[in-house]
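Some structures are shown below for you to check.
One chain, chain A, links the two complexes that follow: it is found with chain B in the first and with chain C in the second.
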Partner chain A sequence: MTVAAPEKELKTVEKPKVFAFNALSLKDLKALSAESLWSFNEAELLAIQAHFKAQRREPRAAEVETLAQTWSEHCKHKTFTGPIRYNDGKKTRLIKNLFDETIAKATKQVAKPWCLSVFKDNAGVVAFGKKWALAYKVETHNHPCAVEPYGGAETGVGGVVRDILGVGLGAKPVLNTDIFCFAPPAYEGPLPEGTLAPLRTLRSVVAGVRDYGNRMGIPTAAGGIWFDADYRLNPLVFVGTVGVLPVWAVKKEIKPGDLIVTVGGRTGRDGLHGATFSSANLTDEAPASAVQIGHAINEKRALDALLCARDRKLYRAVTDCGAGGFSSAVGEMADGLGARVRLENAKLKASDLKPWEIWLSESQERMVLAVPPKNLKALEAVFSAEGCELSVIGEFVKSGRLVVTFKDETVVDLDLKFLHKGLPRVERTAVWDVPKPSSKGAVTKLKLAEILQRCLAHLNVCSRETIIRQYDHEVQGGTVIKPLQGVRHDGPGDACVIWPHAATGDMEDLSGFAVSHGLNPEYGKTDPYRMALACADEALRNLLCVGADVSRAAFLDNFCWASPEDPHQLGRLVRAAEGARDAAIGFGVPFISGKDSFYNQSKDVNGKDLPIPGTLLISAVAPVPDVSKALTMDIKGPGNALYLLGWTSEELCGSLYNEVCGLSGGSVPEVEVRSALDGYRAVGSAIAKGLVLSAHDLSEGGLAAALSEMCFSGEFGAAIDLDDVARSGSIYSNEALLFSESPSRVLLEVKPENEAAFLKCAKGATVKRIGETIANPILKVRGLDGLVVLEEPLSALKTAWQRTLPEAME
Partner chain B sequence: MSEIKPRNGASSYQVEIKLRPDYTDAEGQGALGLLHSLGVNTAREVRASRLYELRGALTSAQVQQAARELLCDPVTQEFRMFNGHTPVLNGMNHWRIEVWLKPSVTDPVGDTVRAALEEMGLAAAESVRVGTAYHVTGKCGRNQLEKAVARSLANPVIHRFTVTEAPL
Partner chain C sequence: MKSPKVLVLRAAGTNCDLETANALAHLGAKPERVHISELRSGKAKLMSYDILVIPGGFSYGDDIGAGRVFANQVRLYLKDLRQFVRLGRPVIGICNGFQVLVKAGILPLSNTCEQTAGFTFNDSGRFEARWVHLRINTQSSCLFFKGLPEMIELPVAHGEGKLVLKSPRQLEELKKNKSIAMQYVSDDGKLAGYPYNPNGSVFNIAALSNPEGNCLGLMPHPERFTSIHHHPNWTRQTFRKETVGLAMFRNAVDYCRG
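Showing the complex of A and B:
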């Protein structure tokens, strides 16, 4: 059988609509574009008109829809790859392609041979040992989560898992990650009609991530949440998946004559025009639903069948059906070749779908394969054994055209060159408003103990146990370093370490990998460049703390920004991208994959645009050569030395200290890449030699918060002397030493008998002994003047840290 | 379980699966907490139950069999006929909230139940939709309840819901 019989007979075959497009004026074209939810700009509309005028015919409806999908910000990343005239505060220059000149440039310059596939495929791929490779992708699903948080989060997870299934010839997902940016749950200000309360969004998104990941049997073991009231209209939901695949399966190649086979769920009306935010007029009668509901069990079936078919080499290429459905999946696969699609063969959920709806539907849980005809029988057997449906909807041909028909009707007949290369570039303007140097503000009257408690209790620091415990982070049995650590399994880990060999079958192999994140939009409010460096530094530092090999780390970037049409917002984006570039080049860490999401701004109750804070998530992955040597962050015993890696300066702008004390100003933490890297190398070698008992990175809340977390997680106290902290000459207050957020710092616990060896390893790095651990469960800090300035029982600190989120989510 | 209206020779049945009264109803308690947080302080208790709407050329005996063997856990749950068309005035002390996915929204649980029915030999089931009912005890106002439900138990973008006075 070469072509599957249609599952359901379509009742009505509508003739594809043809637009009277070519005669329209620009004004009418723009009106039509707005009405049809295409979001084309002027240049694009004119380019399409010119193309079809030259063809001497009007475009068909589905053709314009296909172009709208393929040329969308989502698929083509117009902002990142388009020209930008950028004024950096002094002079103006032209950036031809921001992506090529920042992110891609860094990867090229760093030139790591173990990067097996970067930016081309559905995920970035790096080598993992000799036989295996790791694929990692992080996606955002912001707009769907704003409208229907549970379904949006579910389909977000489902989508990124399919990206991993669709990388190379398919990878086995072994870890899910999730990072959220929400308004505080207790936010009580006015919200416009249709905007969900932040608490509801938080609860439902967590439930969606939980249900989809748990049902598919993928551990959700790494992530974070950031709270800021400016996310109230546009919450951000980042979801990521790491997969393992054999090295031979990294490359895909389609040959003419290969069949186009779809597997997984059926096609329905789900998510037509899903990219559009407005769903206010979605009623019972509405023909299309912008909202999709996930079906984890269907995706699990497709996963199992697909990996079985991969190992029997039954297909030559695979990709997932994401935004744009068949139109984007088939359109992408056919690039450089050509495709002939017969939509009447697609399996449908409802019998009355119109051809263009089948072509563009974003129904979940679908994958597209390129299958040599001789393998079809065997492939059908594999999929039917898993109870998974399959249909042949056409074949790849060497025509350079994308031809889609429904029975006798032509639905789409497009030149692939025009589809993929015809997008006109529009120059945008960007301005960087150099912030005025702000001096440090007033001094706080709060006591140190009070400040520390407030820091620990702050929403952006407090325990995430309420959420983490809803996720199954143990399934597949490879979670070596868990998200919650310490003697009571409730301390905040820096990164998770996964041993994926239950999936590979190499049970003797003790290698694993670690995954971590860096995110701090607060720094970006003042300086997006320093924010990007700080995020990259934090992600790397977190990897170091669990014993990963940071010289083999790889980064992923996810930019979420407001409208790029606002030159000031775009200027901040350019700054952030340049920061990401300089971090990657400086640390020698390549970017392997990334994604961007723009237009994260909405009108508030007063009709004023509320943009989100420019947000950059840096995710990092690195191998852990021997998972049995991985570290946790809790103090292991009394009488051990505490060493601090890194230099402390007075860097309090955007800090938690400023926020809890109601202060502002100061300077944004600035990464010194070269000295940071020296420190990481030194400490990395000490950890590899087994000389370090525990390690924890210093981030929000500085030294005081990090030390508190290590102590109450291990249930041992600590006594430190601030005078022993390596610091810049201008720092003179205990507050600044305890709460400054200078980057690149790590706190380390070392056994007394290992101190000499540790210091030998750490030669050349700034490592200072600042105190020791004690049996008494208190945190004791001696100030610069030699007096004890802080002495707090660990129980009080832990209670403050644990209480916030359960209370907020009540 | 009740037969609602025959359509094209096919029938539509509704089955309600309730937790037995002596079991703690966590879902109901969660719903009560949500209603309280939205100002419906007069609600004293909420019991949640699962609703199934089965369409197809099924007999009433077959639907009984499906409810007994597939939809209901006989240890903790019981199934019953539900008739939504006879509201009984009771001084607004008991309310029934029903939340269903809109017809245009995919219902994965319903699809899975339909496949399971087919496996147990009831291939005539054409479609299954799943909903939730909340039985609220306490003197509440309809407007107040409707507003609270739209902000907690249902998302009007994908759900349709009803709030009716209910018999005990």
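Showing the complex of A and C:
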């Protein structure tokens, strides 16, 4: 154990490495920024120059690097929090802070007392019963996964798990989630040099998530994949973790004199410039050293030791070392105080690391703690018992400065106020191009059975079993509603339900929670506003379908967008953010955490920029008060009534039907929040009373796909009559009724003897009996003209649904 | 003895210890999760416990073979394990714990220190998590199986669970010694291939016990079936009162209580 160096050694003896920065012209500054991978904009370069001119000294190399990390898009979310001049197609107005005016505004307005910590800590925290709290965070790791998919996925998981370890005084991770957006694995078009084939990205990312999550012993039990060729240059990888922590551990504080202690992995040269590299467009010159190397067992060691130390109250605060390494972690913790760091005390992977490399390295599996000096001995004992290394690299002081030395050399001496508040705000412009109303698509000649088979076999609907089985989705003994459901454990569940008390030890407590997602970039291609509402709606409906209490749901937002410097892209972002706001306020569901990732665009083979489709992932979490009342989506028996919640309109723009039939146009599904909410309340109360046997949400592929999935998972057939579907007046085709993607609809199975009670619960909601389940394993649909328009054996439907992904991943 | 003391042995990368210990505590036993470093230092002593559980996980990342490093540590720091087994105290190794017991030479025979069986990668070439049907060897004297039906279900989750033996003769010996405690079977109880046999184990072996029946190693996870809500089809069917996993742990606890 190295003891912290005494104060008197502070004086610098050798002249540290400095830049001739203050005399440079703007042009030279920009050249230097590009060459050094800082990703600064003009205003920022000038602000830094002005700051150091006023100080009458040149900046040290590591100081500029620290500013680059701290001010990066990745860390400061400049686009979301900066001013935007927005033209909505009619008039122009100034948005001072998009985040405050959309996401944060919604959370403020719905004002839920059970939100214990929102937006400020490493994850959002909500109350879970009286004793416990849930922390949830979803991260993206897009740029690293584009360059090195296996390592990028591994460290993505490792990073979000550390966010959960670093929330409050640390939470125990009980669930991992993963959502990917990739190009179809069979994509055979030309790719620019340095771009990996989509199949390789898919395989490697799955392997990375699998190997890290399984080794950590955290179940990966919720997620999804969306395929679109426009992700071929910029794949998206969302990784999330839910943790459980005692309510007393939600708050942290740091006192002057607390030691800065790092635990976990050692510091190496891996992962330099991660934050800045992910804040710029990706090119084939992206450095491999920007991606870190993961070591799951080191993180497991840190997890075990940390939670033990937490329960013994040995430290006062904790945060993780993510992007920017020590510079971000210590810089953030020291905000409002000050810090004195001695880098020579850090444990290293290689002895020849330069001081600035130690300071900025993003080596994995490291956490930073604030430890009262009297607890250091006990803390050391806890960590050494787990074989986990620990070093004291300095202390928090009341100086308002961040002072970092390496032996006698001053590496950084920065005013914390400048570091955290000195970022100049740059106004951006945004334009929303109002789409021209598109006429309804042409008519297809395909038969209904053929369309249904194509929908079920489509990459965005087909079975994910081949991937899900590679994840240990049951470790910790809490996965009571599994991702795969039905007689043969292979049907597509709407959400998972986790009962975390096998891990907390409160075995008599039957409360759990459900986690789900909503994502549909296809809708966003026409209207990002409606897309955002549809995503929020889908996430909520998925929770409803497993029996969660949606009145206690919380949302997380993850925006992945192309360059915000393109006003048209930024206009679409504003639309999406406004949709998210209106969904949250309308449904009364707060956002508790979020993350954005920009610059997801690259040059294709012709040198033209290929932006990703604007992508919004809405993740939702809600408590399930009694897991023994949870539901699955598989049909439970013959002779039961099938009820459909919600209205069906002809909403086929962006639908799977349009895609498999080669059609386009129509209108994008539009959520009517009020009536949707009435429906969810009604069905929620029926589920809580035990009146519903199974429930499944209608999404891509509409009624036909949802009903097929329920039937082949439960191995019972169904006979429905489309004339009984509640529909808007303008809808008159069987195709539209079967495949429209009108939101807010759920299919429900109810026992005949419970129908009266069910309908009583459902009063005020649009719920219609559309048919019943049958013993014969077929799907039988009577059309609007009274004739049977579809009669397919379940086996054929299931085969179509199961075959696609294993074949694609071969 | 009212509450048997249970040593739930951990190492870096053990990850099923908490739910295993909580299931045992629920049954009235006194489980202690102990890192092997405490046995090395002498702070904890194996012989002061009544039951030993080596839970599942990825000890030391399974980096040079599943359970290999942990098994070597068990050889070095649990020198009295052989005596512990000989005294008839219950020992159970689950998943990674099974791999440790085999690689430490405790299973299938604990009379020599030699490793006589091994594990390799699943035939499917990848980690897989799924529920399997298992048939318990009715001739087995294994104390963990008392009162259980012949056909049971449990989940498996592993990438390196294919049991391999030295020779066909060794298989015959295992049969003769009634060491084959459980086999993977189809839903109608027959020996069948993938996916019923999830890893390609020789003779569909899912579990081994010593001939005396107090030491059991198994790939499936009994701690993941301690509540009916763990079963993938609990929303479709009704279940016997006590789940298979809980019954297995209860048998060990009851055995110690005499």
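Following the convention adopted for this analysis, the second predicted complex is superposed on the first by the 781 of 810 C-alpha atoms of A that agree within 3 Å, B and C clash if a C-alpha of one lies under 4 Å from a C-alpha of the other, contacts with A are read in each partner's own complex, and residues count from 1 in each chain.
We take it that a contact is a pair of C-beta atoms (placed from the backbone, for glycine too) under 8 Å apart; a residue touches a chain by one contact, two chains touch by 3 or more.
Owing to the predicted nature of the structure, the values given are computational and were not obtained by experimental measurement.
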Looking at A:Thr632 after the superposition, I want to know if it touches chain B, chain C, both of them or none. Which is it: first, second, both, neither? second
Given the touch rule stated above, what does A:Gly268 touch, chain B (first), chain C (second), both, or neither? first
Looking at A:Arg674, would you say it contacts chain B, chain C, both, or neither? Reply first, second, both or neither. neither
Once the shared chain is lined up, is A:Arg210 touching chain B (first), chain C (second), both, or neither of them? second
Taking the superposition on A as described, I'd like to know which of chain B and chain C A:Tyr471 touches: first, second, both or neither. second
Looking at A:Glu148 after the superposition, I want to know if it touches chain B, chain C, both of them or none. Which is it: first, second, both, neither? first
Just chain B (first), just chain C (second), both, or neither: which does A:Lys313 touch? neither
Quick check for you: in the superposed arrangement, does A:Lys398 touch first (chain B), second (chain C), both or neither? neither
Comparing chain B and chain C in the superposed model, the one touching more of chain A is C
Is A:Ile297 contacted by the first partner chain B, the second partner chain C, both or neither? both
In the superposed arrangement, what residues of chain A touch both chain B and chain C? 295-297
Where on chain C does chain A make contact in their complex? 10, 12-16, 18-19, 22-23, 25-26, 35, 37-38, 56-58, 60-61, 126-131, 155, 157, 159, 221, 223-224, 226-227, 229-230, 232-236
As the complex stands, chain A meets chain C at residues 210, 214-217, 295-297, 300-301, 304, 385-387, 469-482, 484-485, 487, 489, 499, 502-503, 505, 507, 627-628, 630-632, 634, 636, 694, 714
Give the list of chain A residues in touch with chain B in this complex. 147-148, 150-151, 196-197, 200, 268-270, 279, 282, 284, 286-289, 291-298, 349, 363-364, 810
Chain A partner contacts - residues on chain B that touch it in the complex: 33, 37, 101-108, 111-112, 151-152, 155, 157-158, 160
